[in-house]
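As written, the chains take the letters A, B, C and D, and residue 1 is the first residue of each chain.
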Amino acid sequence: MLTKDMLTAMLKRAAANIAAEHTALSELDAKTGDGDHGVTINRAMTAAVAALDENADKPLVQLLNAIAMKIMMCDGGSTGPLLGSYFMGMAMKAPSDTLSAEETACMFESALNNFSGISRAKPGDKTMMDALVPATAALCESLRGGGSLATAFASAARAAAEGAEATRNYVAKFGRARTMGDRAIGHYDPGAVSISHIFRGFAEASV
Amino acid sequence: MLTKDMLTAMLKRAAANIAAEHTALSELDAKTGDGDHGVTINRAMTAAVAALDENADKPLVQLLNAIAMKIMMCDGGSTGPLLGSYFMGMAMKAPSDTLSAEETACMFESALNNFSGISRAKPGDKTMMDALVPATAALCESLRGGGSLATAFASAARAAAEGAEATRNYVAKFGRARTMGDRAIGHYDPGAVSISHIFRGFAEASV
Amino acid sequence: MKKFINTPERLTAELLEGMCAAFPKHLKLVKEKLVCRAEDKARDKVAVLSMGGSGHEPLEGFVGPGWLDCFVSGDIFAAPGPHTVMEAMRLLKRDAGVLLITLNHSGDVLSANMAKQMAAMEGIKVKEILTREEIRPTEGEEGRGLGGCVLLYKIVGAAAEKGWTLDEVCRVGEKFNTQMAAIAVLSEIATHPATGGQCGDMGEKEMEICAGQHGEGGGVRMGMMSAKDTAELLAGKVIAKLGLKAGDEIVLAINGSGKATLMELFITFNDAKKFFESRKIRVVGSHVGEMLTVQEAGGYQMLVAKMDDELKALWDAPSRTPFFCS
Amino acid sequence: MKKFINTPERLTAELLEGMCAAFPKHLKLVKEKLVCRAEDKARDKVAVLSMGGSGHEPLEGFVGPGWLDCFVSGDIFAAPGPHTVMEAMRLLKRDAGVLLITLNHSGDVLSANMAKQMAAMEGIKVKEILTREEIRPTEGEEGRGLGGCVLLYKIVGAAAEKGWTLDEVCRVGEKFNTQMAAIAVLSEIATHPATGGQCGDMGEKEMEICAGQHGEGGGVRMGMMSAKDTAELLAGKVIAKLGLKAGDEIVLAINGSGKATLMELFITFNDAKKFFESRKIRVVGSHVGEMLTVQEAGGYQMLVAKMDDELKALWDAPSRTPFFCS
């Protein structure tokens, strides 16, 4: 059972991880983009935490909507609208403040689904999708197979990390690295790395 | 006796010295000015040589006037108007194409005089005057004392070099170095160094 | 990084405040991020809106009669969020409609798309033109939106000022949009003014063409060349891309990327103009200066659009904005 | 030095050609070095002329109705020769007279003096205003002419355009001249575009105030400071120099030296304006941008003039030139 409080703790842990890594993330973005991904993802996650604090007493669905709105109010480059729609997708499938394993899986699938709608990228395109897709798959498989939350998020975090790791071998089809062609090979996609830090945070907070 | 042909040879030798030194002169100017004195003095002396060639068959007075005009047509920064009025001053006292020792002394005094009129600097002010004044004094003293042209110009060149050397110890009262105050001490005045290269050329061509 | 700035967090807020305070007869700042005209345009005319991250000054300032009604600024190199774009649309909402000009960059496109969806829900009439005039090294690659947007602002701004309908403004804008091309040459990489980081690096004697804006590195590296050789190389690619031929008329603009001196830009313009003219392509409109910079990046963008009588009339129409004297 | 240029010998010729070709409705080039109005001013009005070395773009371009009639350009950092100045005077010769504005630099002053002598011999009616508005570190030191000349061009250009007599134009110009001040801060040294040499050097974390134009080094070195602290330091010196007090009105302009980004300049303007206003000194006119650059020098010049009703009317008078949209 995933409670609102647990999700809050997970998100805060994820935000803390991003805060710790943001300089490195901007440095990654400098290799294939405009050097600001750490700034934008940190801004988005900081906004998420602010929304969490401001809306702590609201039902989960409102809380998630507030996070989405707050993120989309930031100047987030590519990251803002993407992450915003991710949380919007979560809100669409947050029926109560205590979610069953199946409801939890559905909520994360809905998030990915809404994200994909505006992203249009596919796995292998060297974007956040490369971490999000395997993480979501691993999470849902584990939850539906009866795994505990801790096991499920640990496996999601592993999958996200592997997905981010694999972006080194890809040519980018979306985002600023798109124009680099083969020269993007050898560099991590900063967005995918961010997603892996976020899922690592989820796992760390759910043990 | 200074003939038009000798003076022509002397000026060409002076111009050649400047051409060889212009990079170093700009570097000197970079220490206390805007880094272009080598460019402007070289432009002025190149103009002088062009005027010499174009007016080779004219009387000395016209030749000197043509040099002055040509120099003043260049974009010469401080150097152009100063050097232009120097040659204009020479032209004022060039009665024929063959000058006695006394006439030669008068011509160089007139040059200095006309130069001073627009310069307004005094010896010790860290300008071209620091080389011109002692060079002219040495030249005239030697000529009036019965020295040969070679001796006179050699002594003028020595005085110019000493004058330029001494500018290291001065604070600038004119030109771009004026605002540097004490910090100009330790640097040569590029204009004075140029004058010493020119008088060295005169000496080299009159042996 | 050696810059006269204050706290990195307030860079954009302070610069926009300063820009509007410096040109109070032209600009006013609404809600921290919306650079608007000092005097609003009549409500019965189409409003024109554009958006983008900051750090590209003076891009935000092409606002005024015959130009934009509003520029929505994001933070450094980061597209404004969908909500901020939406706010501007609400401000400009009118029966005549709103034209949004978006530059083809991932974040801008994502934000614009979400803002358009919200606008539709609120019944705001919005059309969009997406600029992607950048010339890429290989055919088929999709271009990004570079400084050509400024030329487009002039065209659609003039059409809107004349009272054309949204459809008409959009039509002429799209025509111009498909007839324009931009190509960038980069000789030094910009620093991110908040992080101090550099996007990529560049050899002492290297330059990169088709380099885009931030030094993302999607271009072709080569040895540094003279102004003339560089201008002719770029102009040749423009001619090929737009299929220009003898008798054609163009607008030619050289946009400094930040560090390039005006001396370099004027020399480059001169070389480019001569090259086009040697092909009997006439330069009927021109501009040289900083329009869309990337901090202190070295190099410039060559911006060219093929003109016809309708476009020429709009290009020459009187207008008023702080960064383009017509 | 990494620049898009061609042969060093033709730098100035090419850049002036390019500048005039880029703005053909505003400018025309006469005899290689004279940047003149595309359409001459009526002969019964006073002509206004200025001069200076090149390399300071766009200084040569403040030409047009309500601005200069002609700018006489020298070569890089080198005043034009007396003959070239004389040529411009001949071109502008008229009964109404010619006003020459000279910036206080050794070469310019020498050239102007000789040209004035020649003009007198030819019966050309010329008056001169010498600008030396620079604030020096110690009192009594004579200042150089910095970018304040551009503000002066606006004032005397407007007065001449209104048909004032030479004496009147000169009077109002001298009034403005004595009420203006400029102070420069330098954070990076320019390179000479022909020789590639640098004038002096500057530590990683150093800046210099009262630095003048080329990095000649007559200023005061100190550690790099924030935009706000720097702006307030300079503004304080301006207030002291001009004796500004509560209730006074000023024009405030921030002139970028070349490398400074517009972001820095806008932030600086904002800080400076707030500082003056905190002293109850009102900013009634303003400008931010590149007016007199020194290649890619870092930093800027703060330009301030104390205004009265007569000067304000001239400052606000309509005018047309490529580099200042009024």
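Structural remarks
As a convention for this text, contacts are C-beta pairs under 8 Å (C-beta built on N, C-alpha and C of every residue); 3 or more make two chains touch, one makes a residue touch a chain.
Everything numeric in this text was worked out from a predicted model, so none of it was measured.
Any chain bridging chain A and chain C, meaning touching each of them, is missing here; the list is empty. Look at where the CA atoms of chain B average out and do the same for chain C: the two points lie 54 Å apart. Spacing of chain A relative to chain D, judged by their CA centroids, is 54 angstrom. For the pair chain B and chain D, the distance between mean C-alpha positions equals 32 Å. The geometric centre of chain C is 29 Å away from that of chain D, both derived from CA atoms.
Touching of two or more other chains is recorded for no residue of chain D. Contacts between chains trace an open chain of neighbours here, each touching only the next in line. Applying the touch definition to all chain combinations yields A-C, B-D, C-D.
Here chain D touches chain C in the complex through residues 2-6, 11, 14-19, 21-24, 26, 54-55, 57-58, 185, 187-188, 193, 204-205, 224, 226-228, 230-231, 254, 258-271, 273, 286-290, 293, 295-296, 298-300, 320-325, going by the rule given at the top. Across the complex, chain C is touched by residues 23, 26-27, 30-36, 38-40, 43, 69, 71-82, 84-85, 118, 174-181, 183 of chain A. Contact residues of chain D toward chain B in the complex are 12, 33, 53, 73-84, 105-107, 110-111, 113-114, 136, 141-142, 144, 192, 194-195, 197-200, 210, 212-219.
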